[in-house]
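Pasting the structures in now, so scroll down.
Heads up, the next two complexes both have chain A, just with different partners, chain B and then chain C.
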Partner chain A sequence: MYSLGGTLRQLANILVAEYKVRLMAGWQYRFQQSLGLMGLMFEAVIYLVVWTTVAESRGGEVGGFTTGELAGYYIGWMFVRNMTTGWSPQWFEYRIREGEFNTALLRPIHPFFPDISHMMAGKTTWLITLLPSMAILAWIFQPQVTFVAWSLIAMAPALILAFLLRYTLMYVWALTAFWTTRITALFELYFALEFFFSGRIAPLALLPEWAQTIARYLPFPWTFAFPLELMLGRLTPNETLFGFAMQALWLTIAVIAVRAIWRRAVRHYSAVGG
Partner chain B sequence: MHYLRLLQTYYRLSILNELQYRANLVMQTFSSLVQLGIGLAGIGLVFYNADSLGGWQPAELLVVLGVYTLIAGISRSLIMPNMYELMEGIYDGKLDYTLTKPEDSQLLISITRFQPWRLVDVIVGLVVIGLAISRLAGTIGAGQALVFAILLLCGAIIIYCFWVAITTLTFWVIRMWEVFEMFEAAYQAGRWPVGIYPTWLQLGLTFIVPVAFAVTVPAQALTARLSLPILLMALFVTALALGASRWFWFRGLKSYAGATA
Partner chain C sequence: MGPGSSHRTSIMKSAISARNLSKTYIVHERSGGLRAALRGVFRREKKEVEAVKSISFEIQPGEIIGFLGPNGAGKTTTLKMLSGLLHPTGGQGFVLGYEPHKREKDFLKQITLVTGQRNQLVWDIPAIDSFEVNQAVYDIDREQFRRTVDEYIELLELQELVRKPVRQLSLGERMKVEIAAALLHRPKVLFLDEPTLGLDVPMQRRIRRFIADYNKQEGATVLLTSHYMSDVQALCKRVIVIHQGEILFDGQLSHLVQQFTGYKEIVVEPKERGIDLSRYGEIMGEDAGRVSFRIPREEVPAVAAKLLADIPMFDLSVEEPPIEDVIERVFAGGNIETAS
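This part shows the complex of A and B:
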């Protein structure tokens, strides 16, 4: 007999089992895997230094951020960035080329779900380097953060939604690998826009007014800056509600897109290798 | 002469191979322009919020961006493809084919692959440097141009030596991909003058990942920031890097087990 509760429990069991397998597989290479995170940390340190230099030249403040608050922003940045990574189109292309997708498609579950577990396992391994690095950077750069209780609580669902939203949007792009790899350049444009409008290159408050207005209606800030600024207690309750509404809106759009494209992608798929 | 002919033969093969994929040129150009856009927008954002960055003016940061793009282009078209090839060769034993050829092994592994389309970044970098110079002073003297060219060459050589040394580690360490990724990421720091970073990071970007000598020092030559000691040191480090990487390569080769292992 069909029951929603049963289906969900079954799905949760599969997600957990897949997570354990992937974690154990990745754990053997924990040192090498954790190096993969270094790129992310370099990016954070580079822009922390750039904006700290800018703030110092203006007497210690830029866009409402003191140098200590900038340090808090970029150390939190590393955590949120780790939690919101998704699969790249390149990885999908690799899986298709190597014929790995044959097995994935034979399983009676949408690869979207085991892929989430695989991603979460990677994030867990990354924490080995992430947490000590955050501590070291905190010691060097002396962050200044005033935590707000309700804001911290709201951050948990915001972070989960941000991950699901970014993960699903990246899945949409990744699915295009079923047809062609010739549009790699287009992802680059997309990721470049994301880099500016999500709060990664700089806190959104440092962007010109017009760019901040555009950002509000794009999915990008809701996959990154929103949970980050909640963590740092920089948002008003109204801004928070607006943020959740935008997350829900974009997640709906992204899920519809994945479902529509997935159906066509699988029909188009022809197996490679064995 | 003999070595030039060898180089010519290998590069001609690579070019013939790449000519089959001419659409890649369009993709590479688009991608280079996106990367340039990121660089320009980043500089724009800094100067939207400040008048100078650690004493560097907008046009001077353009020089840094230009050199960064140029060196990245050299690295991605002439150096990195060889390193990937070498790493795989060590894994699966295909390096055997290279080693049995009666030529210098380090030369051979350094010229097997050449990706001409990636040279687009070199052109983009030169255009950016040209624009920056026209905004800075209008012209530069022949002497200054020569010093700049020498330092660029030194920068490219240092980057090459660095990658040979890193890839040689594959003889002992498996799964080097992530190490590659890490150093690619560290190179990003070169988008900005190394002088803005805290001292510990400056040291790392000078002696561990040679970003300072590859990008910032040549940029200093064009922005009247170069002193004689730094120029001499760049030359010295280049010579040292060449010697050390060559020694390390032959040291690593001794540990190579071949395809049968």
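This part shows the complex of A and C:
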């Protein structure tokens, strides 16, 4: 018989063991990972330069952001972006093709959990390069940030929930790799929506009013802009509570979706052969 | 409908039970060329392929079974169904009383599947570190885990190997380490798909000895596929031969030879070389003064007696044909009609 305490203890052991192993493995590729990080940095710097130019043309401010605040946003953006990456359908497809999934299916643990550790290990390796890069960018772009103690504290759980939410949503998409690779086009559409509504391309305050209203009820801002704006101390307590509620709601929906699709995906996989 | 009571009893007794187990794949196919590719976008041709056709067998706890068949016979599909990777399209499979495709935790903790493709180990780090993940995943008691790791390191001579990154190991070394990882939780049922494929002879022997010791020590049940008959001869008393998804033979290895070959080989070494021996039977070959005949089983005593009476000789021996030849003949279909 399994007790809840025993199950949680075992789950924690698995997450820690998997994390250590993936961290050791990832460390072998720290140079390649640093190169990957360059892409992330360039993306943030491009947005920063574009929006700073717009702000300067409008007298030093756009959508309530000064140029210094924009710098703070996009430097923090790099940190949040790193912490909220998730698996893509392409990665899952690779995993199935390589037969790696057979190993995962025959372990007495749902791959969803060890995969979290795998992701976290990747983020840790990236952070080693990312944090000094952020410091250099801060020196160049001189960000203006007013840290608020309660908001910074709230950012920690918000960031964890943002990661779990995005990870789970990406897992739903990744599971489609069991059926078809034709899903890629739909995934690209989803990705485009996320790009726009999450606060990645621009702070949500810079979007038109109607887009901001839509965004509030979509999962995207809660996977990205919410922890970022908490970090920058830009949210009120009420907005923060609403954010946590939306994270909880969307996470519940995403977990239900993973459970439902997982069963079908594995049934399909075991019907066609691994 | 659940299984009947006698079936249920045999399921509980058997380590592995297959009842009319079947697997039919639906494959999409199209002809080559751009036109066919474009047509395929709108209408895909489907074809049913029966990989396993209603096979039945029972394997008792502690048995080591050789599961033989040519490529594409349905061996791996059967192994995947019994380990829980594939859902059967017909019939039922039971392993330790569990239905494998449900992949219950308690079931998965008691089995293992080792294939050439399967890779439990993280490529870039030493295997000893990956073993730690298995300890956590299978919730192996710390002390028992340490003892098991030490024991396997000793038995499989892994001292150096477990401390090198897996990617630096040779194929054989990697397979030894993979097998160790796959057995850390001391499973009761082992599905081994070509565990010695591509390995040199000493490495094959070591793995064979390890499997035999594990079976003896743990009383584990082993279902093994191999293209190397030496694996089968060394480990398996009983074999199941599968061909085109159907079972051709299930029984003792020695009976396989009798059932599928109506012949034995008589090898003689006459004192006088160059004499014509063709009247005694079909000559298979001559080498260094030794002549081998292929003689129908029932005629062997008479022909041997006649040779001994007629020809002065240094030696005469009666041998079963090499098992490789028997299997080859079975798969080629040449002697299938002799099977009962």
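The rule we apply is simple: the second predicted complex is superposed on the first by the 268 of 274 C-alpha atoms of A that agree within 3 Å, B and C clash if a C-alpha of one lies under 4 Å from a C-alpha of the other, contacts with A are read in each partner's own complex, and residues count from 1 in each chain.
Following the convention adopted for this analysis, a residue touches a chain if its C-beta (ideal position, glycine included) is under 8 Å from a C-beta of that chain, and two chains touch if they have at least 3 such contacts.
Everything numeric in this text was worked out from a predicted model, so none of it was measured.
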Query raised in the report: Just chain B (first), just chain C (second), both, or neither: which does A:132 touch?
Result: neither
Requested in this report: Considering only touches as defined above, state whether A:206 meets chain B (first), chain C (second), both or neither.
Outcome: first
Query raised in the report: Does the superposition put A:157 against chain B (first), chain C (second), both, or neither?
Result: neither
Requested in this report: Identify the partner contact of A:195: answer first if only chain B is touched, second if only chain C is, both if each is, neither if none is.
Outcome: first
Query raised in the report: Where does A:60 make contact in the superposed view: on chain B (first), on chain C (second), on both, or on neither?
Result: neither
Requested in this report: Name the contact category of A:38: first (chain B only), second (chain C only), both, or neither.
Outcome: first
Query raised in the report: Across the two complexes, what residues of chain A are contacted by chain B and by chain C?
Result: 29
Query - chain A-touching residues of chain C, taken from the complex the two chains share - result: 25-26, 77, 80, 83-87, 89, 101, 103, 105-106, 108-109, 111-113, 115, 117-120, 122-125, 129-130, 132-133, 135-139, 165
Query raised in the report: For the complex, which residues does chain A have touching chain C?
Result: 10, 13-14, 16-18, 20-22, 24-25, 28-29, 99-100, 102-103, 105-109, 114, 267, 270-274
Query - Residues on chain A engaged by chain B in the complex (per definition of touch) - result: 29, 32-33, 35-36, 38-40, 42-43, 45-46, 49-50, 53-54, 57-58, 62-63, 140, 182, 184-185, 188-189, 192, 195-196, 201-202, 206-208
Requested in this report: Could you pull out which chain B residues touch chain A in their complex?
Outcome: 23, 27, 30-31, 34-35, 37-38, 41-42, 45-46, 48-54, 175, 177-179, 181-182, 184-186, 188-189, 191-192, 196-198, 201
